[in-house]
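Have a look at these structures, which come just after this line.
Consider the two complexes below, in which subunit A is the common component and subunit B and subunit C are the respective partners.
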Partner chain A sequence: MPVTIPKNKYSGAVREVTIGATKAEGGTRTTTVTVGGESTLPFLFHEGAMPHPPRIAVEIADRWPADWSPLLREAWGDAVDDPVAWAKAAEASGADLILLRLTGPVQRGDGSKPTAAEARKVVRAVLGATGLPLMVFGPGIADLDNELLVAVAEEAAGERLVLGVCEDKNYRTIVAAAMAHGHLVDSRTPMDVNLAKQLIILTRDVGLPMDRILMDPSTGALGYGIEYGYSVMERLRLAALNGDSMTQQPMLVTPGEEGWKLKESKVGEGVPASWGNWNERAVTWEVLTSSTLLQSGADIVVLRHPDSITEIKSVIQRLMAPAHNGHS
Partner chain B sequence: MADNDVCMVQFQPGGAIVDAPAGTLIIDAARQAGIDLNIPCGGQGRCGRCAVVARAANGTDAIKRRSTLRLSADDIAAGYALACQTTITGDVEITIPPQESIARILTSDKTARAIELPFEFDRDRQPLRSYLLSMTPPSLDDQTDDWSRVQAALRRATGWENGFAIDLPTLRRLGTVLRAAEWQVTAVVEWDTWDRPAGPPRVVDVQPGDQTSHLWAAALDIGTTTVTLYLVDLVSGRVVAQAADYNGQIRRGEDVISRIIYASKNNGLAELQRLVLDTINGLIAQVCEFRKIEPQQIVKMVVAGNPTMQHLFLALPPASIRLAPYVPAANQYPTTRAGELGIDLNPQATVDCLPGVASYVGADISSGVLGSGLCSVVETNGDGLPVLFLDIGTNGEMVLGDCDWLVTCACSAGPAFEGAGVYHGMRATLGAIEEVWINAQTFEPTISTIGQEQGERPRGLCGSGLISLLAEMFITGVIDKSGNLNFELYDQAKLATLAELPTFRGPRVRQGEHGGEYVVVWAEDSATGEDIVITAVDIDNLLRAKAAIYAGCAVLAQSVGMSMDMISTVLVGGSFGKHINVEKSVQLGLLPDVPWENFQFLGNTSVRGAYMALLDREARQRIAEIARSMTYLELSADNSFYDQFTSALFLPHTDITLFPSVAALLERET
Partner chain C sequence: MALSGLEIYKLLPKTNCKDCGFPTCLAFAMKLAQKQVELAACPHVSEAAQAALSDAAAPPIRLITLSSNGNKLEVGNETVLYRHEKTFFHQPGIFVRVSDDLPLDEIKARTAEVDGYVVDYVGMPLSYDGLAIAYASGNPEQFGDAVKAVCDTTHKLLILIADDPAALKAGLAAADGRTPLLCAANAENWRRVALAAKNAKAPLVVRVDDSDPSTSSEQRLDGLAKLTEDIAKFGVDDLVLDPGVRGFNESLATITHIRRLALKENFRALGYPVITFPGEGATSQLDEVTLAGQQIAKYAGFVVLDHFTEASAYALLVLRANIYTDPQKPIQVEPGVYPINNPGPDSPLMVTTNFSITYFSVANEVESSGLPGWLLVADAEGMSVLTAWAAGKFDAERIAKAVKESGASGKISHKQVILPGHVAVLMGELEEELPGWEIKVGPREAVDLPAFLKM
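== the complex of A and B ==
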């Protein structure tokens, strides 16, 4: 007897969001990245379409962040001291997009405060160094984020940057800057379906078109609450597919940031021998976290280590393969 | 009629006539005639308070309505028009109806608001009765002891053939009273109590002379935040005085959990009991002062309250209420005597604590279900649909059912809706702001204060004022759907325009000492001489409170497989229940979006249930039955609550389709 595989038919689909603008579109990017458009759960090609593969954003910083693992410095080499070189290295490593983090006083190590003028300069330089679409995240301190991102938005008007991060208590200024200068925003909420949806509504209420919002439901790393993050993303995606308009945004998650803040990744000495090789352990952590989140609907994963980028690129390729092999 | 024509406008009552160019707003013509119409919403056509009746002098249309918001088709047919939204196009007579005045009668007022009898009172259906006894004094021929003499007289008066009981302290006073009153006394007899249904009858008090015209008793509700007392005359069955005050325990914790924790500290339990007794004794003193009676004349008290409050009142250790598996010491409490607890009533008065359901659903709810008349509402509706009963207090409790079945749950809302735990919050007494309208263009508020007719100045915000304020801030965009204050309301252009307003004293959204805030009243207009503000923290507290209550309702409905729109009637109780504004509450997403006529606001249903139990044995029994028959849903064991809670933590709700009327309003405003 032939087996019929049951198929779910969904009424909704994820919105398509395009990051970056070419010269013809008012920017200077040589390529743009479009994500979203799914009408099924991740990689279930027999049920619906997944027109765009998940993409990899590589996180670099305006200067070496003092709280990053020495392994990352080792991997990127001297490039980490120069955002232009770092951006080029990231592109060479296989990035689809670049995420530029503007460091805050703590990450800078010397306690100095970043200025709007510096932010403009570094964004301009990175835009010049790579043709990939760019995302710019502030240091995560509300007032500072607003100050820097408003300047960046103006400096890079028309480039369709992703500005981040917008949070429940601090989104209005960043959203307004994105609206005024033709950019997108990253809407981040702490692992909760309702909160994710609420911030999308608030952002929409300010007036930003829905095709310029990425949903960042945040996540925990493997062993640090990933089940919870996974489940939230899955529920958000199901809501989107079932027609809930306010959840139909492509999802961005930051497994690199999560994975690399763990003791397992940051500490190489004084840990049990059974933990094994430090570098291998740390990269595996980032890779496993990312590949898990791809299955729960991530459209963009932000990574930090070049080896992880290679690995995840291959994972995505293999997961997407059936779509191109004519399976239906 | 052309625009440059001049129309004759006559105002009634009074008959003032003014000439107004066609196109003049009625409100402006009225001003010209020296009539100051109330426009709480600042003339935006949102509140509907300035409705007047317009009658054309020559039968044709003499007015043009720009907006008819809040006017029904019947109103319009009757000629009603909003003065702030209607222009004059011809000769017209305008009648100004008496303006609605919200002269609220305070529960703390010495003038007791008439509380209706809940049912026809039959004094034989309750166990207390006083009897006038005339006895022959003892003599050498009749050496019968005092107590036997009283009992003999009682047997004659009542027809009861068996013995009576008496407490030792009463017995100690007996001889003195009998002799001082020359053997003419009033004996107060309690025939039974719920835990002593067969008696024996007990002589509670012996008073000199004939005091049978009144028989005093009390109904009490101990709320986590507010304590309410009714003084009842058991001869007529009527409430003759009432009083309410904040629970003195508040200073040891605002919610039940912090009180339970405090109670487990050294002497904490005794202290908390002392604090609530002080509050209760204060209320007793107030009502006694009002009726000019002595506390000793009050011979019974029925007590409703949530389980924690009852435990603390009785000094039962409440610790297990807080810890899994959440079990109270008792859901049914034995009767006790006032003197034993230290309540200033007749020390021999029976104190009857009503039975509850579970750790967080207590006598306040079982008695509230009775007090709300839920079962009779179901019967009257006759559609078989369940009714939702909500008791909004520091704990929100909700009951859903049709009386054949009842499910209930409780959630912690915090004291915000009772005006506590809010920076400028207060109880609904003189000087409390109870209604607020905010102008959507200028963000300037118009307020209504309790007692303003008597010249009272605002001193704070009570629960209904907070609800009204929050809803207005939301609708006018002063806060966003998450409750964040919008500091960008006032750009330079806006400030320049506003500065020309005579009343403008600077932006009302500002950074204050305690973070962001909105100024409701400037210092020079307040009774306290300081700005009355609502802070970002207050807004968060209120949001959480409303989310908890809505989420509780949603979980309850979900638990029986219903959606909120299947609820036929919503009964709302709670200490501010009578004055809560439905429209504003729905806008906030505190109450479900069902037609307004489906809401009934009942005030304090808990004390009402206690009052009913005081009047009628059967009512007392019904409360016990209700308590027994309710199915209790433990929310802490239910994952869906948290989801519903975060979903409701938004204005009005993350799922706007649950609030179609608010969605329509937002559509209009933007």
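== the complex of A and C ==
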């Protein structure tokens, strides 16, 4: 019996979302990034199109976060003490986008709180240091995020930043700031299909156009719940392709953040010998978490280590270009 | 092609005797069509019907078994494309390849490395399944010696990789008492290789070689299907597929086609597990691990690696365990109070959820701190702290209930409980729920617990 390759027929597609605005578009970016548009499951080009490759955002911070792994400091060197230098290094490492993290009291180590004025200043400086599209994430404390991101939205009006993270407890303020100043939001929910949809609906109901919403279903790292995130993303993407409009947003996930907070990545001594070399383990953890989530539909992966960026960039290129798949 | 429920119904006795456990023959037929029951559940089915239905009743992906000194690996018998539809059942076997042209000492050393590797993950010991010995020497006797060196060093499972039937025979003789996977039959050698497999009752890899890059996926899979049909007719039923593609995209697409053909079209000639060689499509060791990870998630049955490092083994074994976790049954631990490092009445009481990954992360940290403590595991329906909190399964009421009902207060002389930092927001409510108790907020991540406890 001759083989006919089965093709799934889909009625829907993921929306296209563009991050960053050039001078002509009201911003100052030299490039913009468009993600989404898929009418197939990831990289299965025989049954649909994937007009834009998944993109890599590199996470930098307004100052060196005290709770980050020393391996990351080692990898980036002195650049981590200066967000301008760090942004340039991130761009040179192959980033498609920059994610600027505003540190909170815990990450600052000294208990100090970032102020809106400081946030404006560092965002302005990073926008000056790189022409890549920018995402700005707050410290992850709802009240503080609101205060900082509203100021950032105003300072960078027209740049089509991604403001994050936008959760059910603070979405109103951040969505309003995004609407007022021409930005996008990262809509984050804790690993659940219905919660993900619900926050998209709420965000739309406030009035933000759908082409300015990234869906962030959140994930666990390898060994810490990746299978939940993986399956939630797979279900969301299948729903999108099957025409469920409220799931048709490009997906952003943060394997760097998840991977690098683990003991596997943070600690080099006093761990089981079977865990192997510390640096290899930590980079492998970030890479495998990211590559696995690319298979379940990630459109943007946020990474931290330069070696992970190099590997994932190369993997994406080969997944996107079947013709260039070298057979050894 | 799969039979529909109605087609199956026509072949059943139609007596509605209920002996199968279903109210009607039609209901039973519908379950058969969905492969949720076995035909054997009907004691009255005729032989003719049995023959007609055996094809429809057979699993769409054949179960392949390797064995060695009491070790066993079963691969195949999968029923779904996405793990959320049900679960993935049989984890892919992971093997490390050694070449027979290495010195025997080196072969033994590499085997010993794989053999001795075991890593603990949430209380489960994880390790690779075996060794693949590759025929590169051109001398069947040397291949036999290499297989013997491996067998002398490990009880793990074997894959014998050789195109030459003479080498396979020498390898099989050296692997006496084990059922290895033979690799591989191709369009040229299949009769002689299949004979060796038949005699040894060993499963066999069927490979289409990748000589012409312009070959289409259809042509490639046509060639593979034709070969498996010929070999099955010859009398070897336990087959494994190597579609000959190696790179990231080709591998993903081709293995996906094979899985869909088997499950959705019941395409018998491709209804077998797939073997992959990620090292042959990779540019570095990290790249090999990444490609292996893709193949673990996307349908490989056997993965043969060219490198072994502890860090990469840990990562791949955890990925395999995660992807093959049953989504309907999150791994949970029993709620209750767990003593760590021989705690006394004045040791701290920490609360967390009963999601096993959460429990083990926290318990490991407290244990490694060397400080005694009581870990109170609340019933959060098997969710992690943040997820459970968001879902309303780890709120002040539940935590208070856990404190009161676990018997924790009988074990300690103080009234102080430490909350995970991620749910610091519950502090006020918990103070109301637990009058007289002092609520302290711990770190957000388990890894920061030792520093916190030492403060």
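The criterion applied here is as follows: the second predicted complex is superposed on the first by the 321 of 328 C-alpha atoms of A that agree within 3 Å, B and C clash if a C-alpha of one lies under 4 Å from a C-alpha of the other, contacts with A are read in each partner's own complex, and residues count from 1 in each chain.
What we mean here is this: contacts are C-beta pairs under 8 Å (C-beta built on N, C-alpha and C of every residue); 3 or more make two chains touch, one makes a residue touch a chain.
Please read all numbers here as calculations on a predicted model, not as lab measurements.
Within the superposed three-chain model, A:R172 lies in touch with subunit B and out of touch with subunit C [touch as defined at top].
Judged by the touch definition given at the top, the superposed model places A:D192 against both subunit B and subunit C.
In the overlay built on the shared chain, the residue A:L262 is in contact with subunit C alone; subunit B does not reach it. Of the two partners, subunit B and subunit C, it is C that touches more residues of subunit A. By the touch criterion defined above, A:G158 reaches neither subunit B nor subunit C. By the touch criterion stated above, A:L202 is placed in contact with subunit B alone, subunit C being left untouched. Once the two complexes are laid over each other on the shared chain, residue contacts for A:G26 go to neither subunit B nor subunit C. By the touch criterion defined above, A:G220 reaches subunit C but does not reach subunit B. On subunit A, the surface touched by subunit B in one complex and the surface touched by subunit C in the other have residues 192, 195 in common. The touching residues of subunit C, when paired with subunit A in their complex, are 82-84, 117-121, 210, 213, 217-218, 221-222, 225, 244-253, 256-257, 260-261, 264-265, 267, 269-270, 280-281, 283, 286-287, 289-290, 293-294, 297-298, 309-316, 318-319, 322-323, 325, 327, 355, 357, 361, 364-365, 368, 384, 386-387, 390-391, 444-448. If you check the complex, the residues on subunit A that touch subunit C are 1-6, 43-46, 67, 106, 189-192, 195, 220, 222-228, 230-231, 234-235, 238, 261-264, 266-267, 270, 272-277, 280-281, 283-285, 287-288, 291-292, 295, 307, 311, 314-315, 318-322, 324-328. On subunit A, the positions that touch subunit B within their shared complex are 168-169, 172-173, 176, 192-195, 197-199, 201-202, 205, 246.
Residues of subunit B touching subunit A in their complex: 480-482, 484, 486, 488, 643, 646-647, 649-650, 654.
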